[in-house]
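Chain IDs A, B and C follow the sequence of writing; residue 1 opens each chain.
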């Protein structure tokens, strides 16, 4: 069974690899962005889809990674790799602290507490406007956006760096959710009281899940800043906490490929509608409402329920 | 002693659910805990396994004071607990439910699989191993829950009304199963007097949150206070 | 200006904020109290109230007072009806499942906000106040002849702002009478106590929920109609009231109506005062962190009672 999962994941990675050579430049550019957003959503999915922690504040972790990399590169003059490492540490620490506090609450309380922490983070980014340049944001020098000889600001460099990170995340998460650790997280989502009474330290496991989830989200934020050369406070706003929720709900919560599917669909829906109107978030609102009403398991979740029970 | 409590008390907003319960359960015994509705049985076992924090008093497991430990640590020390209201992982398969119970103390995948297969046979659910637990009948869910307890290989197995809602044949199978667990100390909350009399070696009667009587099934059967408590005429 | 008059000015501005906030947060609190629903779209009902007020005033085009009074009636009714419709069409169908409700109301938030952007446009639009006299305020000073009154430059308030405070208090008073003295209010409170029991006694719980959701939105719309002559109507104006209402409802104890009013006064006043003396962004950071901490360490709210 696990071979089938791995085969599926490797096939998806291979298709994405081939897509660069087939697709026109505009779409491969979009796909690079989608892969980074999908990494973010995969991180989110670990908390929400697998562990049942509905956070409304993941933009805080995304932004911690983005600013962790952006500020050290732009203000500190760091190279890409150490800046990326620092971004991971930054999001890990933020997720660790938020986790300790927010996990004292549950359900609606958890949603509001994470929302509030993220809001405080967004406002903090605005408050230190002399460094972050607030909503307007700042650009990261193109020259610095390279790892050795690989230019990450070029079309190909950006695409394959995004693909590399996406592939690593997908394979790691695929392995994680098959391992006893992942199965236990699902058990917590299904029935927390029972998991406790089987002897699992639910509180600690939830914390670990949130920290891993936050760190992956931070990696996505750092990758976004590195590959697209920009960091701004709007990425810390509520909207960027809603996006991964939207992607995951649409693609299928608790499925390994749901975040990618959801990100592709939403990205193109918003992309197409923003060509028609400036009210492009309308489509996000409509999709959220329709999903909660008619497709609560999302695309892959429904597929798994109806036809393909083996789907990872 | 496998389990002892001293002065165990629980107060809910001034109302006492359990008052100064001193309770001893020797190793290997099958003990039934009975008493009229509202006697404080579920609160008492809740305090034993840590689901409900005690207002005061101590709980000792096999000589170790566990009064301050959170529930999951007590469970990890060898207690298994089945819920009064069926509580399984409804979205997961029967096999996965049992594996989750076994994995807490067994670590290699092969050993877990062997354990799960063993339990599936013992509770007669092998034919339904790949069904989703939530799709099982109520009776089968209860049996699965007992199976999860078995998969934990507990030293002390606490069952809260395990036969509630089971059919006669299932109850008979349950009695056989309990009697076959020779190495396990068992604490059974039970309303079905047939099950109590046939399985328990010793019985504790709880009334108004206190121990009303203790003794062998025959002694309890002949106890006037217990009869009064059940008939609701006496206030002990 | 000296510190004393400056503080008084800040407190007056804070009182206006508190009055509007009390109305808006009360809407959120009533909905949460009766239905246990966290309505994330609440700020958008507020925004719609302001936009409709502009529309009514601009369409009538007569004396500002006529437009204002018309808006004060029409906007809450329309917004309330829209909210009731959303309740019936969306929330009832997902059985008010707490998490799905929040996701659905997030969706509703974007639908209302972006729908307004498409129709009303991105510009901020003013509404003329029905009356607007400047009232200079005196301050006392210890002079040579003992206490003396004087009128410091800049220490003033408009008659309209005073009216806002009085009107908000009157609306809240009327709400309190409605909840405690009328049959409809009794039915609402019975439903709040125990919806299953209420259903057993023949109360049409679904209809009560739709009305309560409408009432909550209408309260936000009333707050917006009152504020729109001071702040302009804009499609993004719902964000801050939503956040502040959340803060108020949480600090006041979820669903506690007296707690909500006390917390609104507390938060509105301190927001006004802190914003005058410090950076408003810093004030908001501290307020959001404070709320998060209250939820973490005292989930029943600062003013709420501990659950048994």
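Here are some notes:
In this text, a residue touches a chain if its C-beta (ideal position, glycine included) is under 8 Å from a C-beta of that chain, and two chains touch if they have at least 3 such contacts.
Given the structure is predicted, the values throughout are model-derived calculations rather than measurements.
When chain centres are taken as C-alpha averages, the shortest distance to the whole-protein C-alpha average belongs to A. Between the chain pairs A-C and A-B, more C-beta pairs are in contact across A-C.
Farthest from subunit A, judged by the mean position of CA atoms in each chain, is B.
If each chain is reduced to the centroid of its CA atoms, subunit B and subunit C end up 52 Å from each other.
Taking each chain's centre as the mean of its C-alpha atoms, subunit A lies 34 Å from subunit C. Distance from the subunit A centre to the subunit B centre is 43 Å, each centre being the mean of its Cα atoms.
The set of subunit B residues that touch two or more partner chains is empty. Shared interface positions of subunit A, i.e. residues touching 2 or more other chains, are not present.
Chain contacts: subunit C has no residue touching two or more partner chains.
Residues 38, 90, 93-94, 98-100, 102-104, 106-115, 117-118, 122, 243, 246, 250, 279, 281-282, 284-285, 288-289, 291-293, 295-297, 299 of subunit C are the ones that touch subunit A when the two sit in their complex.
Taken together, the subunit A residues at the contact with subunit B in this complex read 180, 183-184, 186-187, 190-191, 193-202. Within the complex, the subunit A residues that touch subunit C are 54, 56, 101-102, 104-105, 107-109, 111-113, 116-117, 119-120, 123-124, 126-127, 242, 245, 249, 277-282, 284-293, 296.
Across the complex, subunit B meets subunit A through its residues 49, 51, 71-73, 75-76, 81, 83, 87-92, 96, 99-101, 103-105, 148, 152.
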